[in-house]
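Next up: some structures, all given as structure tokens.
Two complexes, one shared chain (chain A), two partners (chain B, chain C).
And then the complex of A and B:
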């Protein structure tokens, strides 16, 4: 019921879109997402997937077209990166507030300027509060699995939110790896047909996108926030069901060698794989270190994070973007907020690395551990540090 | 309007209900109502931000009796593209509505000729089967009468105010129907609700077009034009009779006048009713007259009519 093939992560996304029997794709090319749209175009051109591929003239229109197609009940997909995600910005909010189950893969890319087409998390962080479910995939298999899961989560009537699947530009998007591809029947058994509850339909006219005056806006926003938080069990249920059927398990917060770990590294995205290798080495050398890979970014898994860090003395957060003029790394801010005011208060140290496609080397992760220990033990007044800046 | 059309319009039933919040005398909203009647109930409308969206949809109420969606200001043609593609894909796959649905995108002149021009051009070029209707009230009315690229020369708006050193708007009206026609789509037309029979006919033609259709509707806005609310329809007629807003269509590349005016009335007949033109000197009016006359002649030529 499945086959293993060596393919690029971007091609794996296209395979997931085909396996999910998507109806409409609207997308605009941008590095490092281009291979996704090219491969989907081929799949549609070859009749492997019966879908409308709308070659829009911009990302703003890409997501707008997705709004339209999702509103008539079509299963809808798009993909973008960096500047493209920024150009979609206002449409992102509308998609979420209208509760339209669009699925989008973002091949995360740095933002201009200076222009840089390589990977970091500036794009998704700028879209952090747009109301989408957002999670991260670390390799080709994960992005394949999690794209399929995204349709199930988005379209679930207890959810009805758009889902953004993030993968690191180039570091994941362009890597060829063995991927286990599911056959369509298996996917169909996991992913029921999309039945959007109130689509635009002449037999049951609905008004979508009415405006809310001050007496109602707060209530609309509150309802949306409550609904987004309530998706948490739906996400977990989908991932658990996926694991039961296909054997690969995903969780909002994934832990690695946490038992007895005094110092815990928190990483989101593909560099968690490098970090895991470093953790192994340090553990072998007798250092009590562990790793948290943060998979679910929105809704943020507060309770799970607190639970996972309940024995940590030092927490090191490695961000791949800067919050200019702010507290440093956005993931770190979230973590601090999650822990603030709770009984267990580990020391949290913020590092920023891997900007604009720069690698984070194993020895850099190792030195983060040493430096964090130093900062904590000597009580140094450091808000955050950027790793590997050339002087 | 002839009796027969009037009768048909009456019978068509309302798809845009009374109780909307448009200003007294608003002709734009009348155009919306007429167009909805002409379209019939198998219609899905995507509406841009602007007067017509605002007057019709304050939560939790609506005036729309057809499925209707508003998302943003500049993306309506793209939203309609998605609607059309979604309906098409699902119908083909046996999971959607199995009959023809007219997909309509509508927006004001700002949504169409300015901020949404790129999305519109993209949708027209891609060839989606949909109808785009531009309701041209010649300014951003919803936000307080700011100039748009279709605001006529000399008009005073809040961002092109007439003043000691300003004549009002200093550029000429953007020729939006010609821009739409340059995409070589099957149907482009201008229309005006003062000529409802003509408007309805054009909507029906647009509905039948095998591809994108574009309708540019002259929409008198007494509030923004500083005119008496009771003369809206009269102003529409004057715009046509002076040649300021000619009625024509472009069907598969063939230009045709749908109302040829033998002797154009002087533009002053039209301008004089509107506060936005009150500051114009005779000199300026003469410039407008020259431009209108010459553009009308060019249009007649395009339509294969010998200039008079």
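And then the complex of A and C:
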């Protein structure tokens, strides 16, 4: 039913696209996502996947082509990174508001300037409010599994939203790892054919993307917001069904060694794997620390986060981007919003690290725990700190 | 979005992605709501050349029983093109008293 192979995470994404029997791919190569489109174009050219690969001249066109393809009911995929995601920005919102089930993998990359092709979360954070379902994969296996799940979630008639699967540029995208690849029949049993309810068709004319004047715009936005929130159980159901069939379980908020943890690290993306190793070491040394890996970013899992932090005294959030002139890291401010006004109020400490491809080393996670404890115990007036800045 | 009932629609009435399923429904959209001036014809000057009707962007200028022209105010948005283009200056734009 499945085979295990050592492949690059980007190639695993291409394998997921082939296994999902995607109809249309429109994408523009950009580091560190290039290997994904490169491999998909080979798979299509070799006849392994019977799909239309549309070469476009920019990411704005890539997503526009995907929007059109999803509108006729074709299973549609694209991938991008960093500046490419920003060039798509306008169409991101349109795709979500038109409720078109496009799936996109983003190999997260820092934004210019200064020019930097390496990984951080600036790109996805700039697209945070575009209305897509957004989640994170931490390794090659996860990005393979979660890309397949993305089609099922996006195309589900209770959902019908585009889905963005994030993986860290280079730290995941360019790493060769063992990946268990599913065969197409197994994927087909998990992933029913795409049947968009109101596709563009000459026999049944419809207008898509009509304008909404002030008398309607608020209603359109309310409907979209309510519908996005309502995708939460659909996402969980797809992940649970995937676990039951294939044995790998995913959840909106994943916890690690939280039993008795007074101090909890919250990490989104692949550095959660490094953090988990540090948690093991600190636990062995008798420190009551635990880890939350935040998988689902939109819709934000407010209740699950509150539940997971219900016994924490200190919460450390490690962000990989800056909200300039704002409250520090965007994940941290979301967490503060989730906890504000609720009975249990742990102290929240915000750190920013891993910008523009810089590693977050195990000892840096360990020192975050010490520093957060110091900030809380001495009640230091610190909004947030950036880790490892030479000063 | 069925434009006829725009103001009465709740957010629950909208289709997925606000898709319009009724072809030609743009005709129901009352562009007359935008109007701050209306065109008024002077039949003593008009020579029935029809230029006003051909330039109207809506197009909402129709014949009356005698073959003169008039605007259907459901759609007339008060743009003033008809008055501007009339070779006889037979059309005057008059302020709407709201």
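Following the convention adopted for this analysis, the second predicted complex is superposed on the first by the 391 of 391 C-alpha atoms of A that agree within 3 Å, B and C clash if a C-alpha of one lies under 4 Å from a C-alpha of the other, contacts with A are read in each partner's own complex, and residues count from 1 in each chain.
Convention: contacts are C-beta pairs under 8 Å (C-beta built on N, C-alpha and C of every residue); 3 or more make two chains touch, one makes a residue touch a chain.
Bear in mind that the values here come from a model prediction, so they are computed numbers and not experimental data.
A.B. asks: Evaluate whether chain B and chain C can sit on chain A together after superposition, giving fit or clash.
C.D. replies: Once both complexes are aligned on chain A, chain B and chain C clash.
A.B. asks: Using the touch definition from the top, say if A:216 reaches chain B (first), chain C (second), both or neither.
C.D. replies: A:216: touches chain B and chain C.
A.B. asks: Contacts for A:98 in the overlay, against chain B (first) and chain C (second): which applies, first, second, both or neither?
C.D. replies: The answer is both, since A:98 touches chain B and chain C.
A.B. asks: Between chain B (first) and chain C (second), which, if any, makes contact with A:255: first, second, both or neither?
C.D. replies: In the superposition, A:255 contacts neither chain B nor chain C.
A.B. asks: Would you sort A:367 into first (chain B), second (chain C), both or neither based on which partner it touches?
C.D. replies: Neither partner.
A.B. asks: Specify the partner with more touching residues on chain A, choosing between chain B and chain C.
C.D. replies: More residues of chain A are touched by B.
A.B. asks: Considering only the touch criterion stated at the top, classify A:226 as touching first (chain B), second (chain C), both, or neither.
C.D. replies: second
A.B. asks: What is the contact status of A:207 with respect to chain B (first) and chain C (second): first, second, both, or neither?
C.D. replies: So A:207 meets both chain B and chain C here.
A.B. asks: Looking at A:41 after the superposition, I want to know if it touches chain B, chain C, both of them or none. Which is it: first, second, both, neither?
C.D. replies: neither
A.B. asks: Just one of 3-11, 21-29 or 111-119 in chain B hits chain C in the overlay; which is it?
C.D. replies: 21-29
A.B. asks: Enumerate the residues of chain A that count as touching chain B in its complex and touching chain C in the other.
C.D. replies: Residues 98, 205-208, 210, 212-213, 216, 220, which sit in both footprints.
A.B. asks: What does chain A use to touch chain C in their complex?
C.D. replies: Answer in residue numbers: 97-100, 160, 197-198, 205-208, 210, 212-213, 215-216, 218-220, 222-223, 226.
A.B. asks: If you look only at chain C, which of its residues touch chain A in the complex?
C.D. replies: Residues 1, 6-7, 9-21, 23, 25-26 of chain C touch chain A in their complex.
A.B. asks: Within their complex, state which residues of chain A touch chain B.
C.D. replies: 23-24, 26, 50-52, 54-58, 60-62, 64-74, 76, 90-91, 94, 98, 193, 200-202, 204-213, 216, 220
A.B. asks: Can you check the complex and tell me which residues of chain B touch chain A?
C.D. replies: Against chain A, the touching part of chain B is residues 41-44, 46, 53-54, 57-62, 64-72, 74-75, 77-90, 92-93, 95-97, 101, 118-119, 121-123, 125-126.
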